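Pasting the structures here.
Both complexes below contain chain A, partnered by chain B and then by chain C.
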Partner chain A sequence: MSEVTLNHVAKSFGPVNVIKGIDLQIKSGEFVVFVGPSGCGKSTLLRMIAGLESITSGKISIGGTIVNDLPPRLRDIAMVFQDYALYPHKSVFENMAFGLRLRKLPEHEIQTRVNNAAGILQINHLFERKPRELSGGQRQRVAMGRAIVRQPKAFLFDEPLSNLDALLRSEMRVEIKKLHHRLGNTIIYVTHDQVEAMTLADRIVVLQEGNLVQYDTPDGIYNRPAAKFVAGFTGSPPMNFAPCRIGEGGRVLHVAGGVDLPVPARCVDECARHIGREVIFGLRPEHIGVPTVDAPGIERIDGSVLLVEPLGAETLGLIKLGKHDKAAEVTGRFEPDARLQVGQNLPIALDLNHFHLFDCKTGLAIRGNGW
Partner chain B sequence: MNFNFSRRTTVWLAAIIVMVNGFFPAVWILLTSLKTETELIRSPITYLPEAATLENYMTAFTAQPIGRFLLNSVVVAGLSTALCVLISALAAYALTRLRMPHRNLIMSLLLAISMFPLISLMVPLFKVMRELGLLNTYLALILPYAVLSLPVCTLVMASFFQDIPPDLEAAAMVDGCSRVGALFKVVVPLAAPGVFTAGILAFVNAWDEFLLALTMMNRVNMRTLSVGITLYQGEFAFPWPLISAALIIALVPICIIIAVFQERVVGGLTAGGVKG
Partner chain C sequence: MSDAAVPKQKDMSEPMLGALLLLPAVLLLLLVVVYPIGTLFWTSLHSVDNANPQAGEQWVGIANYLRAFDDDRFWHATLQTVIYIVVTVPGALVVGLGLALLANQPFRIQWPVRLSLLLPWALPLVFAGLIFRWFFEYQTGIVNDLLARIGVEPLGWLSDPTLATIAICIAIIWKASSFMALMLLAGLQTIPKSLYEAAEVDGASKWQQFVEITLPMLRPSIFVALIFRTITAIQTFDIPYAMTGGGPGDATETLAMYIHKSTLDFLDFGYGSALAALMFLFSMVATSGYLRYTRRSSGRGAEE
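Coming up: the complex of A and B.
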């Protein structure tokens, strides 16, 4: 029993509302990632769960107990911090044992737990060292070890990898995922890196300006974004957007720059409800490429190449759709052998089976059944 | 290169001036304490004692109860330092870590208070102590000494606490400490250089203080060293070698304390705890 529940949790610093009433249910053993841009309130929300920040209103419960008024030490959680937060005056062993000593566990139990955790993280040989004698990756392992030995109801990670270099980051990401499989604890993980969020999470919480925008699986976040903000935040490069108007009984999208796109049959009914409305059309780069086969929903359009970014395994091309001066510019993913040249005119295939529409004002997705 | 050379020379020159300025009086007193009175007043003067003698030190212990003065000073300075460090650690923590309104105003007031001339507090302090019946007790000096050193100790510790990453405390609190537990188990050990600096300041202030010690304690066996030393002078005589010997005896505990703690008063202790 280590589910974490947030019931209309809010936080304000004076007149500024940083968390605006969040409801969330995290199942026992689930790996949930809070993601969002800087200042969206994700770290504050995590610290509220940890008890390091007070909450202005709402209820937080961990393992069925309401913890609103409990100090961090009584919440049975362990936390890994962005800056490691190892005690500089203690050795690695003592850093890991600190929480157990405070709980007055017998010495042999402390030895066993610390040795087990160190075994999992492969840091047994570092026991005698002080934090200043460790590399960044080793420090982060010790910080994780300090959390593991506690055997808490939930682990909280506050951007634990953001101080590591790219290679180490991807290694540690794998380690954390393995650790979750092995321990099976509830994990709440904060990051601003959407790759970390997508690869680690069972479910992702996308936050924007203190609001929960979407709480879904990585697949749901990526393929069925609830808002333009979510669509633009996930994927690299992000989704392409272009303003458009819905016309002709919901069967055609008039995209800015004079390009008309047919709406796939299964979406016509929903689009018909928004005829004449200005909306935002969205399509991911992987659904823009060189035409290969003709299939329902794949639309060919003349385009010209504005920019080429070869990445090795694939090439990104910035494409102007149509000939109009104000034509929409979109990024597409191409095979490296497509040999794109700047200025080249070529037919472009848009896979409209995966298009998205968003409301201009609210940014919320317009989606019918079966999209 | 020229620049480096001249810079080094300047640094050395400054260091020598500071050393001579600081050590000359102490060395002179040490040399005086080893001379006889006859040698001291002889002309021309001798710089090094011709026949060094420890007689003045022995007289210092028999002419006045200097052992008792020493004990009084150690008790008063030690306890007032402990009290001062404890309270200023809590105050410095509150000022640096808690979301406190008017923080800067409080800091400025602390600075202002530390500049109060002691003489202006003398009469009220004396009256308070007399009312409380604390005259001629250790508390009559311990309490005011702790209070007088409080502003400067708070400011010193606050500047050290500020450099300790707040996440370390957060980690300690998640690990199982209360807020006060985190302060004394993590923040204070890491701010050890600051704590010892503040402690030494408070101790030396209390050790050297004369005016309050003279006012609050009028029984001979409650005198502290700073006042006790003046008792060696007679109505018409200043036995300088004897007074010098007493002064050297008063210096020894301070030297020991600074020698013991100087290693703790080094920075860099927080290195490696967090990134960077």
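Coming up: the complex of A and C.
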């Protein structure tokens, strides 16, 4: 059993609270990603689990053992660092074997484990090299190999891909995911990259200023964001937002810039409870496009093209909704065939079945049953 | 760049400009390094006895060098210098490493630590010598006072050849270890913190981290520090000069002190120059030895 449990864990540096009481349950074998902007406390939280940072209050347990006062070496974890932290004066083999030698494993056991791990990562041919003779991707593999040979209860990854170029990053992302399928260990992975979080995680922890904002599956994070912060953090480009007011008994959204949108029937009851409140309307770019079919919840509206960003597989268009001067500007995803032109007026379809509402002050999502 | 714009300047610029820019440095080196060393060797092949100026300057070939090999005082001074090197170079390294490790700790208030590291280094050598001379004074020195408190008879630190050598070594180590510490501290601060964290997660104790991370990572700094220290140790002069003046007799006299005495007290410029040339030779041998060792070990690293 190697579940990791955080029980109201907090940390402060003097008067500054960097982690503000986090409760978290990570199941055995689960791949959990901590994600958030820089300074949100995600690395600090990981380092607290590793034992490299002290805990101000709360409890952390790994595999059922409370580890608050245990040094890192007794926590049975292995860590992959952002800068890989390979020992520069040791060969690749010795880098991987170091932790095992310190634990006084018999030589044949060390050989077997290092060879197995190197086989998985395809780095056997690098055994004699020093870290400085390796490429970034190879160093990354060695750092992971060093973690694998330890056969720990949990792997901790601290932004392991952020030093790689984009192509290598997506390659290593696949490797890490394969590795998790193969080994099945508990993995806690820190990143600021929402794509890494979405692609790798079984569940994602979104952190903001030391608070846990949402702990959910990638699907839940993307489609049912608990707060405007989460919605604006995921997706590329992120969700469109516009200030809005609910009117007409919860049946109409008065979006800033003089655009009125009908609320889908299933959402009317919940919206009726927030009539007159200042809220924020949110819609993802993929739900804004050229009208194709008429279906319930799909609203046609006149728009004009302000900016076109062709990406090849798709084209992003910045669209002004309505004719009003202060009309809302939203980004939509279009087929390349749409041949958008700057200044062009065209009908735009908004798929309101996927709209979101957030409270203006707290930023929390307003959501009824079945949204 | 278009060819028409600056056609001729480009022809001369690269090599000529390079030579032109090098010229001041080369001239300066010729003036203050090559010329004096050349003069030194030239003088060492002559008899230039300013105590007897009428004799004039006469070519004597290697006579001055042969004289040195028969000179017991030269051999004694050389041996004494070797003792200072053998004792104070490792001594200063160990003490300096300790100080550097201490100063590298995350102290809440950094400046007292840094200051206490810098102070011995900033102090002129002669001052350090004088301070330690007072420490080791027979009647009023603090060392004998402390010894008296634990019931030890006062020792003639500066009048006994062995004790005087020990006292001088202590003073040199005190003075030299702060420079060692500064160099090693710079080296320590280049070691990424994540290496220690990785080792900690891997299961290394503090001592294992020191042996497995700190020492190997510090090796280049240690070598540079050792080279610097050895070269200055070969030239040891100020501290024994201030503490004992080479005494008792000439028991604690170093090679540099004997050269000084030969030239400035005995005014025997020819012989003094020959001794200085020999010391220069020792320095070169020691330095090239170190350099060869570092080059070989770094070459071996690259092959692996």
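In this section, the second predicted complex is superposed on the first by the 371 of 371 C-alpha atoms of A that agree within 3 Å, B and C clash if a C-alpha of one lies under 4 Å from a C-alpha of the other, contacts with A are read in each partner's own complex, and residues count from 1 in each chain.
In the analysis below, a residue touches a chain if its C-beta (ideal position, glycine included) is under 8 Å from a C-beta of that chain, and two chains touch if they have at least 3 such contacts.
Owing to the predicted nature of the structure, the values given are computational and were not obtained by experimental measurement.
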| item | value |
| --- | --- |
| When chain B and chain C are modelled together on chain A, clash or fit | clash |
| Touched partner set for A:271, first chain B, second chain C, both or neither | neither |
| Which of chain B and chain C A:163 touches, first, second, both or neither | first |
| Which superposed partner A:136 touches (first chain B, second chain C, both, neither) | first |
| Which superposed partner A:60 touches (first chain B, second chain C, both, neither) | neither |
| First, second, both or neither for A:201, with chain B first and chain C second | neither |
| Touched partner set for A:91, first chain B, second chain C, both or neither | second |
| First (chain B), second (chain C), both or neither touched by A:128 | second |
| First (chain B), second (chain C), both or neither touched by A:18 | neither |
| Set intersection of chain A contacts, chain C complex versus chain B complex | 50-52, 71-73, 77-79, 81-83, 85-89, 98-99, 102-103, 130, 146, 150 |
| Sites on chain B touched by chain A in the complex | 165, 167-168, 170-179, 181, 186, 189-190, 269-275 |
| In the complex with chain C, residue positions of chain A that touch it | 50-52, 71-73, 77-79, 81-83, 85-89, 91, 98-99, 102-103, 128-130, 146, 150 |
| In the complex with chain B, residue positions of chain A that touch it | 47, 50-52, 71-73, 77-79, 81-89, 98-99, 102-103, 130-134, 136, 139, 146, 150, 163 |
| Chain A-facing residues of chain C, complex | 192, 194-195, 197-204, 208, 212-213, 216-217, 219, 301, 304 |
